[in-house]
Amino acid sequence: MSKYKTLKEEAFEANMEIKKQNLAIYTWGNVSAFDPAKGVFAIKPSGVLYEKLKPQSIVVVDLDGKIVEGNLNPSSDTETHRVLYLEFQGIRGVTHTHSTYAVAWAQAGKPVPVFGTTHADHGTEPIPCTEFMSPEAVKNNYEFETGKLITETFKKAGLNPAHINMVLVSGHGPFTWGDSAAQSIYHGAVLEEICKMAWLTLSINPLANPLPEHIMEKHWKRKHGSSAYYGQKTQ
Amino acid sequence: MSKYKTLKEEAFEANMEIKKQNLAIYTWGNVSAFDPAKGVFAIKPSGVLYEKLKPQSIVVVDLDGKIVEGNLNPSSDTETHRVLYLEFQGIRGVTHTHSTYAVAWAQAGKPVPVFGTTHADHGTEPIPCTEFMSPEAVKNNYEFETGKLITETFKKAGLNPAHINMVLVSGHGPFTWGDSAAQSIYHGAVLEEICKMAWLTLSINPLANPLPEHIMEKHWKRKHGSSAYYGQKTQ
Amino acid sequence: MSKYKTLKEEAFEANMEIKKQNLAIYTWGNVSAFDPAKGVFAIKPSGVLYEKLKPQSIVVVDLDGKIVEGNLNPSSDTETHRVLYLEFQGIRGVTHTHSTYAVAWAQAGKPVPVFGTTHADHGTEPIPCTEFMSPEAVKNNYEFETGKLITETFKKAGLNPAHINMVLVSGHGPFTWGDSAAQSIYHGAVLEEICKMAWLTLSINPLANPLPEHIMEKHWKRKHGSSAYYGQKTQ
Amino acid sequence: MSKYKTLKEEAFEANMEIKKQNLAIYTWGNVSAFDPAKGVFAIKPSGVLYEKLKPQSIVVVDLDGKIVEGNLNPSSDTETHRVLYLEFQGIRGVTHTHSTYAVAWAQAGKPVPVFGTTHADHGTEPIPCTEFMSPEAVKNNYEFETGKLITETFKKAGLNPAHINMVLVSGHGPFTWGDSAAQSIYHGAVLEEICKMAWLTLSINPLANPLPEHIMEKHWKRKHGSSAYYGQKTQ
């Protein structure tokens, strides 16, 4: 029996959520689950329909990008996942989809302002949007460079990937992460909803104010940090 | 057997409607049912998925905010519900969700004009939108202050919560209420539809006229008051 | 056994389509089926949820507005249906809903231009939008006057209800009709789709051109009139 | 047994995808499958609901437009399909629908810019939009002329139908094609999603930049051509 069985099942379950949460048509999304102790992550195989996906078809890749288990090609976005695990210490899951509203903001090339508590419950900053990748970077390992583009964007702006677990890659789409594969896809669904709400907000009021700092802080702390009181202690 | 069994079942059924009416993703909504004779209300536990919710997991809270039955933490919005029951005499149910179009109007910081009979069938005024909460109020009991913000908004504008059973909290989202938990969630669904229609109306015609007073009055009275003739007498 | 059994079943089936085609939430729509030989129409009872509707609960009303069969109150819009059967010779079914996009155009107070063949396949003119009803008319029999408002709008503009089987009542919503109850609800679904497409068209291009006359004529004739060749002869 | 059994089944399956992918209400779409060796294509019968469609009801037509098998009238758009098979060498399937967002762009009379990688994964150019058909052409065989309008649009602009497998017919709607009937309907769903994303992009940022050439090229080559590495070799 595979020693990656649990990790592969975790990745499988999270990939199946893409369809349940309506975040992609056909095969347009992939989730991976990371095991830092073993130094490997389990990821969706490339181009396989979710309705045909099985736990066994999940591919296991190490931090050098080498396949350590699985007969199928891993997602073409595998190198992007790998960079995020290498550079964003502590994350355990990564999700990439082409969800409609998040892609629209990525194509618009705009960060998503914090317009409300729905956003503030999940992050304390606008959702960043990268620059377009340079022609030189595209000529290199494109998917690896996509990861670097994300991590450089966070470094340059002094952003903490533990507090902002989502990004828009300009002209492409969203990447989200979290404490687990399940949380990364949860953040994918949250981002899609935030992006839809923000678009509607501007459509109703192009001069809408961002949420004041004091309310934003409050909502983040309700759900996160030492004094959080949302949810159940025993869950 | 619990003496709150019926009240908890009422709250349970109304919370399950959140998903059926597509008013929230994940756990982003909560409904409570109030029993004025017993001076308690039954409310969703915090952070529990609707698909895992059971009548037994509903928490019963009294008007001082003390838990009188249940092992789980009540919704983090419990204090807001409590204020509404204390101040809006006669209501028996309260609903809070993060439904997409209502949140968008709340984030836009705009009251929703009465553009048509769909709105007038359910209320005789624009749906009010509060101010942002002050930094001082946020430092206090935030959720309690959210309730006060709503009731103060109604008082200042001279609005009758029996005629306008919905409000938008600026930068946050909708609260609705009614004669029962079931009616409060019905008003949540009505508000979402009204918000979508009003956004589309302005998108088609930024200079759209509000519904004339005489038609608005007529529609309200068709469904409400002593001469109402909508529906069945025996229902 | 009721001599209106077939008519009531026809009305029942058409009312159930409201939910299947997503044209209303809760009870916000009603369809009737007309039998000109018997001089009666069968219509949904007021305020009954579609999931609780049965063929037996359908109410039969004559052209004077008198209930001839049924224990429930008929739809509060019954008088509007009655006027349409009296004035639009040859129609056999009427549908009224609060479908989202059609209501938005009605609230915007704008006729829907013929932007494409989807519209032209079903009508040769913009979908008319009435004026607001006058205070005097509202004081009369409101629902009867709604019917008059529709038929007067057609008369004044010289429109043929056999060629344009849909209308928007300003600030209220759509009424559609057809050769049968089933066709009237089909036109309700067509109108909703046309309204969504027209809104999107203007959102993409505020200066979009209407469909040229020669293409509009062609599409209408493909489906209607003596030289129609769409569909199957034997159906 | 029919010697077209496999081709008819292929066409049947692809037509059933129209509903699964939500690309049309009622009967508003049709797919055909082409067998170049036999010189025939199998197409949906006109005006038949998808829920009543069977493999046996599919009609087989030759390249002169003559029915070679089937008792029903073929789709009224058959002549358009025929022209595409005659003029776009190598294609094996054609899809036409009235999907909402693609129709909106067609009615807006605008080509869809390449705003992102979702588009670039499937084509290297903006999605072309034809002119309106002339009154003379409409008087001829209208559906045949629709095909000519598409192929002339490609010729005039020097576009390669192997690289851009979708088009918008002005004031009408989308036609897509591919290596099989299944791929043509896949392209129909892709086009609908691209059109929705592009509309949202412009709504968020009316000055949104198209995707830079170097990223567009990269995404096309990831999925197409000799060095493609998306998906599984063995699939």
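Per-chain numbering from 1; labels A, B, C and D assigned in written order.
Simple rule for what comes next: contacts are C-beta pairs under 8 Å (C-beta built on N, C-alpha and C of every residue); 3 or more make two chains touch, one makes a residue touch a chain.
Source: prediction; values computed, not measured.
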Original post:
Copies chain A, chain B: same or different interface, half of numbers shared as the threshold?
Top reply: different
Original post:
Per the centroid of Cα atoms for each chain, what is the distance between chain A and chain C, given in Å?
Top reply: 46
Original post:
Between chain C and chain D, what is the gap in Å from one C-alpha centre to the other?
Top reply: 33
Subject >> chain B: positions in contact with at least two other chains >> reply: 203
Original post:
Which chains are in touch, pair by pair?
Top reply: A-B, A-D, B-C, C-D
Original post:
Okay, in this complex, where on chain A does chain B touch?
Top reply: 21, 115-118, 186, 189-190, 193, 196-198, 200-201, 203-205, 208-209, 211-212, 214-215, 218, 222, 229-233, 235
Original post:
In the complex formed with chain B, which residues of chain C make contact?
Top reply: 25-26, 28, 45-48, 72-73, 76, 98, 100-101, 103-110, 132-133, 135, 138, 142, 171-173, 199, 202-203
